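Letters A, B, C and D name the chains as they come in the text, with residue numbers starting at 1 for each one.
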Amino acid sequence: MANSKYEYVKLIEVGDKLMPSTWIVLRTFSEEHEFEKPNDERALKLMNACAKATIEEFPDIVFSYGFSDEYSFVFKKTTEFYNRRSSKIVSITVSFFTSVYVMKWKEFFLDKDLKSAPSFDARTICYPSTEIVRDYLAWRQDVCHINNQYNSCLWMLIGSGMTKSEAQAELEGKQKQDKNEILFQRFHINYAELPAIFRKGSCVFKVRETDSGLSVKRGRTEVVIDHCDIIRDKFWKNHVNILKDK
Amino acid sequence: MANSKYEYVKLIEVGDKLMPSTWIVLRTFSEEHEFEKPNDERALKLMNACAKATIEEFPDIVFSYGFSDEYSFVFKKTTEFYNRRSSKIVSITVSFFTSVYVMKWKEFFLDKDLKSAPSFDARTICYPSTEIVRDYLAWRQDVCHINNQYNSCLWMLIGSGMTKSEAQAELEGKQKQDKNEILFQRFHINYAELPAIFRKGSCVFKVRETDSGLSVKRGRTEVVIDHCDIIRDKFWKNHVNILKDK
Amino acid sequence: MANSKYEYVKLIEVGDKLMPSTWIVLRTFSEEHEFEKPNDERALKLMNACAKATIEEFPDIVFSYGFSDEYSFVFKKTTEFYNRRSSKIVSITVSFFTSVYVMKWKEFFLDKDLKSAPSFDARTICYPSTEIVRDYLAWRQDVCHINNQYNSCLWMLIGSGMTKSEAQAELEGKQKQDKNEILFQRFHINYAELPAIFRKGSCVFKVRETDSGLSVKRGRTEVVIDHCDIIRDKFWKNHVNILKDK
Amino acid sequence: MANSKYEYVKLIEVGDKLMPSTWIVLRTFSEEHEFEKPNDERALKLMNACAKATIEEFPDIVFSYGFSDEYSFVFKKTTEFYNRRSSKIVSITVSFFTSVYVMKWKEFFLDKDLKSAPSFDARTICYPSTEIVRDYLAWRQDVCHINNQYNSCLWMLIGSGMTKSEAQAELEGKQKQDKNEILFQRFHINYAELPAIFRKGSCVFKVRETDSGLSVKRGRTEVVIDHCDIIRDKFWKNHVNILKDK
């Protein structure tokens, strides 16, 4: 086919290739804010279903972790997905995630229409070592815990008649242990017995027959959603393939 | 709230801020390929509706141009949208576009279900001057024309009984004028009379009362979809506000 | 010649190409701090000589401005010097500047040896329009003036017997006019009569016969050092070729 | 001090911070080409002296390797030198190297003046793992060997009366072993007996008392220049501190 004389503008492009031999982590946030407080289980499950579809669609994603309105996807260190171009990886992944979100909405919210077009923003980060990827995931799970504990207290206090600012003042400066006490003493809630999906967030990953602890059919790889601890070593020892270097 | 000891990983981030005082152009491509050939009018109109919704959602987009499976969005030179961070701009825009695409699918394809989750990739480019932005848009409209003329011939030849490779061989090395001749002599098609949406692509932009050539209610700004020539000066002289520097 | 099996590491490189069609400005700072206060004329003249040699060596530098321990070099908008790779441009320019600095030291400091190896750091910035390049240069000349006025007062006060912190306290919050008054009332110095090299800094640029205001031999281009005002329009009207777009 | 109204241009700057937790390697090339062929021992020794001064000046450089007209500097993985800004690291290092080069020239070239101002270009690369840094260094030493063997043959053939293109044709397609044969059969040169500085290049690094194989005074760190093999493990086992991760 013929060429256009305007084609020269193609040259005005600055590269955005991500550093080779590093783990690419993509974190996406929902712009939606009309969910139930402190946790909207249906919204979380819809996000998990989207993450599962995304990990099934893009084979280079090795692990995914989400809570509240965010989800992180870890691409394998050696991925050549879209030639490691950041903008391409960000857009195609988030676009697919968004598509599934809209398409699956009705499965999770039978009684509620999607009012406006939901959207997600995202960015990529590269981590040079497996240790740092684990620390990244530990960080997100720590934040999940800190936020959930705080919000659980906050909304119980609000439910008991306080205004939002009174409740916030009550929690100001309280330590982890104090918050658990508030939940237990005033509301007879044992924090450790709250649903794991709220306390631990959700992990989505591929399990092979050989991985321990989960039953997968012989010779098959399955994508599972779990709410396990990913800060301590145990999980990673049981799933050594996930963050394997090669 | 408490901090996580893993928070240090936040520091491992490389900036992706786009150069200030430049026009940001975002181009997105559909990954979908099951449309009618050579042009699927319903698919084009769905894309146009998405572009219109996108331009209405994000006020810093000043112009948008699309054809076939691609759409370009021009952000104003001084935009501070997401602090000019490339990944954020790319993800939120494409995510919103995708959402609308899925939500509006049924309006355009009454008889056809969305088989799989559609997705779009994208990237940003910065252009330092208005002239280069115009050349960029001229380039895309040139490509629209070149592709459409070629594909119109190709699919008429295939429709007349040739195999795809026979039709390709027939068109090999043919000039613009030759292709118009093929259409006219063999198929009695006057290329210039094909629908403008196929020949010129689609422009989506805001029109104010003061802009000439289009009737907009007094004091109102409306987003219009048009299939005009954006290579020559005329359009830009009639719409000087679109690519104004400030 | 044979290849090395380790050559794969070449691929691990992230591009640093500067945006095309923008003015590249390189600013370099000296690490040397043992000069006379408030201004060391010999040091300034050595820097000027280095800038002149640099502009003669690299034809794509169209203008250069320096004062105190810094020098800025403006590369033409269309330069393809080292394929616009930032690190290459920065290193070769600063390396050449440094070489000349060491080689010419003795011309300016007859009585003083170079004690340690002088070094300069630098970085590039891209500016999309001529207006912004002019504002950049105006900014540096403004800073030259502000610093010089302050330092002239400071060192006169110190010379008159104050300690450094007493002199700083004296100048705290003083406006431009106040500082000129101090110089005039206490020290009988008319600021406007201080040498232009201190007040205005130094401009180094090519002059052709056709440029007004400076006598250059017929048909020749010469590199001149001048201490003119580059904030107002006059200089740029007299030297329209310097920041020409093409 | 007062501010300038032009200061806004400061904002137009795109970050060039290098990825944290990666090894930064800076490679610099000389622009000088008038040395003796195939190897100019004095020029190599001058480069080595500059590398030694550079490693002494910048404590974050942990290893340096050079041959012919190039030198590589490895900064430690955790360096915060100039806040990891690529342009600053490149400029200050190369500028210092250049200064020393000019200042020490006379020590090595007693009978030869520096004709023009020597200059060096450079760029940085980040490597995420120690293995890749070792492969990088192995690559450069491999290239040193390949080039030196080829050039040794080439210049012996030229010395024996061939033109340069005859000599090049003679070597075309020759394997490593063939080239050693040419040297031995025709010129009675045992390649392995050529000076190590030519065959292996030069390593510059810090040695502590505790490192094996080199005698350093008790409690002291010394910078040594050596011509050892850095492809095989032995060197790195004897100097485990050099590429230690922390």
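One rule holds in what follows: contacts are C-beta pairs under 8 Å (C-beta built on N, C-alpha and C of every residue); 3 or more make two chains touch, one makes a residue touch a chain.
The structure displayed is predicted, hence computed values, not measured ones.
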**Centroid-based (C-alpha) most distant chain relative to chain A** = C
**Prompt:** Does B-C or A-B have the larger number of C-beta pairs in contact?
**Reply:** A-B
**Prompt:** How far is the middle of chain B from the middle of chain D, if each middle is the mean of its Cα atoms, in Å?
**Reply:** 50
**Prompt:** Roughly how far is chain B from chain C, going centre to centre by Cα mean, in whole Å?
**Reply:** 45
**Complete:** chain A to chain B, mean C-alpha position gap in Å, rounds to 31
**Asked** Considering chain D alone, which of its residues make contact with at least two other chains?
**Response** 12, 14, 19, 21, 126-127, 132
**Asked** Which bits of chain B are touching chain D when the two form their complex?
**Response** 11-12, 14-15, 17, 19-21
**Fill in**
The residues of chain D that touch chain C in their complex are 1-2, 4-10, 12-14, 16, 28, 31, 53, 57, 82, 85-88, 90-92, 94-103, 114, 117-127, 132, 135-136, 138-139, 142-143, 146-147, 150, 175-176
**Prompt:** For chain D, which residues count as touching chain A in their complex?
**Reply:** 19, 21-22, 126-129, 132
